[in-house]
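Read through the structures below before going on.
Same chain, two partners: chain A is paired with chain B first, then with chain C.
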Partner chain A sequence: MPGPDKETDLTERIEAFLSDLKRGGSGTGPLRGSAETARETTALLRRITAQARWSSAGDLMEIIRKEGRRMTAAQRVLKIIREEYARSRGSSEEADQQESLHKLLTSGGLSEENFRQHFAALKANVIEAINELLTELEGTTDNIAMQALEHIHSNEVIMTIGRSRTVEAFLKDAARKRKFHVIVAECAPFCQGHEMATSLSKAGIETTVIADAAIFAVMSRVNKVIIGTQTVLANGGLRAVNGTHTLALAAKHHSTPLIVCAPMFKLSPQFPNEEDTFHKFVSPHEVLPFTEGEILSKVNVHCPVFDYVPPELITLFISNIGGHAPSYIYRLMSELYHPEDHEL
Partner chain B sequence: MADSGVTGEFGSSEGKDLTKEEKQRLRKEKKQQKKNKEKKDDKASQESEKEKKSATSAAPASQPPTQLPAQKAVPAPAPVPVPASEAPAPADKPAKSKAELKAERRARQEAERASKQGKKGEVGQQASTGQIQSQHQLPEHIQVDNPDVLKKLAKKLERQQIPLRSDYGYKVSLFSHLHQYSRKAPLTQQLSIPSTVIHPAIVQLGLQYSQGIVAGSNARSVALLHAFKQVIRDYTTPPNEELSRDLVNKLKPYISFLNQCRPLSASMGNAIKYIKKEISNIPSQCKEEEAKSKLLNCIDCYINEKIVLAAKAIAKYSIEKISDGDVILVYGCSSLVNHILCEAFEKSRKFRVIVVDSRPRLEGREALRRLVQRGISCTYVLISAVSYILPEVSKVFLGAHALLANGYVMSRVGTSQIALVAKAFNVPVLVCCETYKFCDRVQTDSFVSNELDDPDDLIVTRKGKTQLEDWHQVDSLGLLNLVYDVTPPDFVDLVITDLGMIPCTSVPVVLRVKNVDQ
Partner chain C sequence: MAGKGGKQSRSGPALSGRKGTGEQEEEEQPLQAVLVADSFNRRFFPVTKDQPRALLPLGNVAMIDYTLEFLTSTGVQETFVFCCWMASKIKDHLLKSKWCRPTSPNTVHIITSDLYRSLGDVLRDVDAKNLVRSDFLLVYGDVVSNIDISQALQEHRHRRKIDKNISVMTMIFKDKSQRILHYQKTQGLKKLQFPMNIFHSASDEFEIRHDLLDCHISICSPQVAELFTDNFDYQTRNDFVRGILVNEEILGNQIHMHVTKDGYGVRVSNLLMYDSVSSDLVRRWVYPLTPEANFTDWEGQSCTYSRHNVYRGSGVSLGHGSQMEENVLIGCDTSIGANCHISNSVIGNNCTIGDNVILNHAYIWNNVHIASNVMISQSVVCDKVVVKERVKLNKQCVLAYNVVIGPDISLPEGTVVSMHHPEEEEEDDDEFLSDDAEVGQSKDKTKQKAFNPAEVGAEGQGYVWKASSLDDTEDEELSQCLWGLVLNPDPESESEDSEPDGPDDPMIPSPEMDDVKVFQMEVLGTLQRGLEENISCDNLVLEINSLKYAYNITLKEVMQILTRVVLEYPFQQQGPQLTASQYVAVLLPLLKKWAPVFKNYVKRAQDHLDCLSAFEEHFLEQESHWAAMVKVLMNMYQLEILEEEMILRWFSQGATTKKSIQLRQNQGLQKFIQWLEEAEESSEEDDE
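Showing the complex of A and B:
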């Protein structure tokens, strides 16, 4: 029977993907590009939609919720499903999305039973919408890069940290028309800044590599700081590569604008809670190698990968739909995600 | 000149005495005007000069405000306000133009004066501000982009028979005024053996400096003083020479050599000043053996007082600031801070230490080793993780390379960053520094005077790949390896010195007191 085979095949694929994600930090190279991850997640979810057995939208949402507990892209897909369902039911989208207090009180909560209705065309619609999402994902970097000339003028000194594909595309696009100077802080211990610098200098941009320790020393000559990030949190704060908080503080001290280039799929509805719970660590071997054997046993070594940057230090977000202030992020959140899906 | 003629009559009828004084003044005016004439290019101004001269010769006091030349600060004591009220009416237009011209002249002269001073400043070595203070000589090592200065330096080194070290690699444009050397090409390779000019102890010291074997402010100063002791022991006064003058001259090429190996630190500068002063204070009738033993004694005293005892005093003050249960953050390897922590541990204070380190020097590992050997419990992180670990910290102890006269702390690069983040988290920052490291210089940013280390140090090989291997080939790529940075005084809460605990802004007071003592 092809059915159950397909199902087992699917679960295997899901398992493989999840373990890959977990290992993503040290296995396939540090900090796998988030764009790739998002794309693969979405593709996987599309496969689930196509192959898993489900009869109504409610079932589908259950399945996706179960599989996608660790994947934020699943939330986008859930939102898409709701939209499609609402559309096929004939009610207007806006009415559904407005979570006004009045509606909450009168309708007594959008009841889950409504989703039990079965629509044949729902599957096709959902898959189509997911495809749209995929194309959007692929085009984000170009969209952001197109806005580069609005933000960079000639003879500027721009500072960045670590390696971000979005920022790389952004700067290369601006370099086609303007001449400016870039300072890259290598980001110990992974030193991704080196790769960024080589790639930028090959594109003809004047680049300088500095050590992390020199960030504050050099900041007085910098005109703008442009960084990428791993995630944008619901309050407008960032979860970015370690060292970014120091960079943001130094920029604030010198009143230098801090610009974050982040495509929309990096938005996460989570708020920062206690710092301990959202950090990811890697092996301390990166920091203190095993050659220092005799002291290694008596010493605690920490190697956090991410930093939290509060929204007060950020000047502007540039995303594929334009530029926003950090205080606007919560609004974008409600457009992209349904509030009931915030707890996955 | 109808109007001037009219007023002329008026003036001469006033009084002969006045006119005599006026004439003297006019003579002075004429002299000044002649000077003005030399500096001027305009025909128009010359014309007005002629006008003025004829006017002044004709009418002494009539239009005092317009007659007097710009330079005269003291206005005409004379007075005649009455004719002045009359005069402007018919002479309105010419008066205005004269005032305009005067203003022009004034502006031009000031511009010329400024450009002259500017030219003087460029030459550098001779820039003397004359009345204000003693000659202000810009040190050579921050004028690398000036070819005249480089030529002078080359000549000086040739005279002293010391090889000139050449710069290495592409220098970032912001730092083109500083030297950048490679560690793989030490100066000693260019020396002939045996070298007659430079004492072998100094050659050894220079090599140790340039390869980083002796590093750290205190260590370098102590090594320098020991090497000088050796030099003094081996010294013999040549005939017909005085020890006090000759020894100082002997030391000059050594100092240039050491400077070429690695730029002198502020503490070394102060030590050298002290030694030179001691040597020149030796009375001429003193016998050679006696003089030498006296000098050796002086040096020993200096080391003992300024370094060893100072460390003990600072440790005593600091221990008061360390309480049980503290979590102390230190950066890099400062001999003084390590000493303090070890002493505090001996006095049975319960605390734990977080050592922050940074690439490319990774000095924190040395500090870690020393502390762990004593049994202090330590944590180790890199500087990019400092904002993660700071919420746990209760105090930050930092060492200093030098304290500048405007209250800024010059220290290893990264110190200012740690102070900044500590301030953001409201953690107190304490800087420990001996008084012999206080220096007269002022500096506000880390660019004007710094040291550029070997840029190849930034290259790292991870997982078999070295990204920056061929950075020389790529034109637009530069590597920057700074050694020092300056921390503004508002980030520092307290400075602990052997004279006590002072705020950062009291540094010039201490300097003044020290100078008065000496």
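Showing the complex of A and C:
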């Protein structure tokens, strides 16, 4: 069992991770994508599992729940961590359940008490399960990209918005076999679209950048819209980068199919009850530089980062385990997460 | 990304590093910071009488927490907090905060002393205690910033590596990295002066900028502390920067600057800044340091964020019909009555606000009671203040701690009310840095003096402070008054004026106006003491010389100031109502006594002219004493302070303004000149 030294080292790591998230936790910063966050969270969980003192599955769940609560209570800014958390806990739970099911058969007990039983092998099993999850996380983008050829055909015009690593990999993978044209909406004010366009054109894809305001005008030429997302909500809606809702409505108007590339770890057990809680407002610096002091004293400047996209505007989800309709999300949810864990 | 890498590798070695293996690697020294939790000025008085400036709440979080968060997020691993005024309060605060938890990535050391009176003292102490091992950041305890300085830091290190230890400081400015050739505050100056040698030096390009905002964040090399020790007269960073730049050729030190376009960084230096920083904070300019992020990790400090920048803490109750329009932050457990209108305001924890209250740009701290029908605009209301019914606070009012106001009163614009009486303030003026004991005493005195109901209302408690207490010997920035100056910069005219002037132009107001003034005071003091204690003129010259170096005054200025001081001396002693004859009677013996001092300075022809121009200037101001002028001039001639040739030259060419022409037409003066001319002719004849 770990000594006190390891214990403090662990809490130090958790603190460092949390403060990193708080400071740099904008999906827009130069920092990192959600995939990386997911990986780090899971790795941290593995560490907790390995080092914290626990004797039964119940204890472990308690510990993880506690840490998870702290992480989310600390900042409501980053919902993603909760999703990652729930996801990885879901996985450790699966392991728990298998174990306790086994126990259930042998001892015949039915109550919660079962979680309190001690298994020698449990710890190793749980860690193994988490490791599997980690490998799965690493492979998600590739898994999604592999399906690209089924969805993109020759000489199609495809529109996307902003920059999503998943979509980027998806398009590049398709470009190895087929020729098509991509239109990128720049996604002001952060203009991640510019980076996306550069990256795509380097891979030999014919790329056009348009302003966000031109989305509707250009939509009539587009065969397919492929976008990424920050989070997939429990009702099949999206919490995606600002401007996505406009794009989705334009696509609906022109009956253009809207495909969302989202790995399974982006699935969140949250429902979009309060719209406000989804919003994140960052410094309005990008919209209007601070040097414009004269204007600023008279004008309010806002810089929201996310948009909510209702599920009826979405045609198809492509995840690492295949394509799904938005109405199927609830089913995936119950497969991946234990209902008791939706609320931490 | 570089900062990230540093941070991850930190967690392991940070623990062991603290235990004494700090010398391990030269390359990976932990980044250190020196945080000065004292402003060394009184701009926030009387508010800071009860609470040090670093702990004043900004968006319901103490200012020092913003600074520490900024340092931690830039990857600082060790911070030295220097406190002086109310050090124990700052210490208590820090010990309770998350910075002193064992898991904190930033180790905070608190160093307190009553002896610090300036930034210079602090840095000398840093050197004396040998605290810093490598480059460090120097910030004040009231800096709010989210600037990513890792790039500036890298550039600084890079420069230091290339030419060993030449660059000593990088200053961060808001708005790309260059060398600072000349640095000067433009506040209140109509003309800028540039030393000629800047333009003679090797580089081809210059940029004159007047649009920079000083963030008061500097990356310093360890030498900085040493330099402060070597130059005991450096008090502020401005002194230091000026000193380094002036002595650049001799010492070979350079200062660079880094101008950043992104991010937000500012020092809360007066209440006007406080107002704008608070509203910037609420408008999320300082993201990720927003109110709802709760970065300080206090229990129960979390709040929710909703549209129009409205933040609500837990347990906030809002009465029927009340509106929070926009940019509002309300702390925990605050209750607000019915039909209130609140916009652009920050309200602290545990406040109660009555019905029909209108708040606009109001900054209300903790535990404040506001009764019904109150109107507050652009004002600061400190902890535990009670505002009674139907009170109206106009713009720029300040209610310091525990004040009671009202009912039925309207405070005029710019009123400052405090529980401390302004007069007792004067008494301990000199000792404000260490008057914990005196605060106790003054409370007794307070009870004896009655509150003025006309000023604070029938049930009011508190004294009205006169808005401006202008005692600026320790200048530094904009002004001394609480709200600061209203900034009305006119960039157009300033840039036109910034044409370089030749260094020999005689009448340019010198940039170090304040130093000159202080110098003048010192010279006056020295002469006075010399007279009282009968010090010999040689020693006086020595003292004046050392003052000259301490305040960085040119020889020419010494001359002018000396002349002026001596000529004004009788007025200083006897009051301005002196008649001409009395004036002469007092001055002449003095002149005789101090003649050797003058002779020491007045040597070259130019010196004579300078002396005479100061002489002229003085008498232009004292029109009624023109009668005395000739006598004084005569006396100076006889004492051989001034040569006749120079007097004649001055007389013939010096006249530029109408008034000085008028002065030259003075009968006595004309006679004297005539006499001089004749004397010269006769002496010439004698020679032949």
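The definition used in the following text is that the second predicted complex is superposed on the first by the 293 of 344 C-alpha atoms of A that agree within 3 Å, B and C clash if a C-alpha of one lies under 4 Å from a C-alpha of the other, contacts with A are read in each partner's own complex, and residues count from 1 in each chain.
Assume a residue touches a chain if its C-beta (ideal position, glycine included) is under 8 Å from a C-beta of that chain, and two chains touch if they have at least 3 such contacts.
Because the structure is predicted, anything quoted here is derived from the model rather than measured.
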Message: Just to be sure I read the superposition right, which of the two partners does A:190 touch: chain B = first, chain C = second, or both, or neither?
response: first
- prompt: Does the superposition put A:201 against chain B (first), chain C (second), both, or neither?
  reply: first
Task: Would you check which partner chain A:324 touches, where first means chain B only, second means chain C only, and both and neither mean what they say?
output: neither
- request: Please indicate which partner A:172 is in contact with in the superposed arrangement: first for chain B, second for chain C, both, or neither.
  value: neither
- request: Could you look at A:300 and tell me whether it touches chain B, chain C, both or neither (first, second, both, neither)?
  value: both
- prompt: Looking at chain A, which partner touches more of its residues: chain C or chain B?
  reply: B
Query: Intersection of chain A residues contacting chain B with those contacting chain C?
result: 279, 300-303
- prompt: Which residues, counting only chain A, touch chain C once they are in their complex?
  reply: 8-9, 11-13, 15-16, 19-20, 22-26, 30-31, 73-77, 276-277, 279, 281-285, 289-291, 300-303
- prompt: Contact residues on chain B for chain A in the complex?
  reply: 172, 174, 358-360, 365, 368-369, 372, 377-389, 391, 412-414, 416-417, 420-421, 424, 445-447, 458, 460, 462, 467-468, 471, 474-482, 485-486
Query: For chain C, which residues are in contact with chain A within the complex?
result: 1, 4, 7-8, 10-12, 15, 72-73, 102-105, 146, 174-175, 211, 261-264, 283-288, 292-295, 297, 302, 304-309, 326-327
Message: List the residues on chain A that touch chain B in their complex, please.
response: 186-191, 194-195, 197-198, 201-202, 204-218, 220-221, 242-243, 245-246, 249-250, 253, 275, 279, 287-288, 292, 295, 298-304, 307
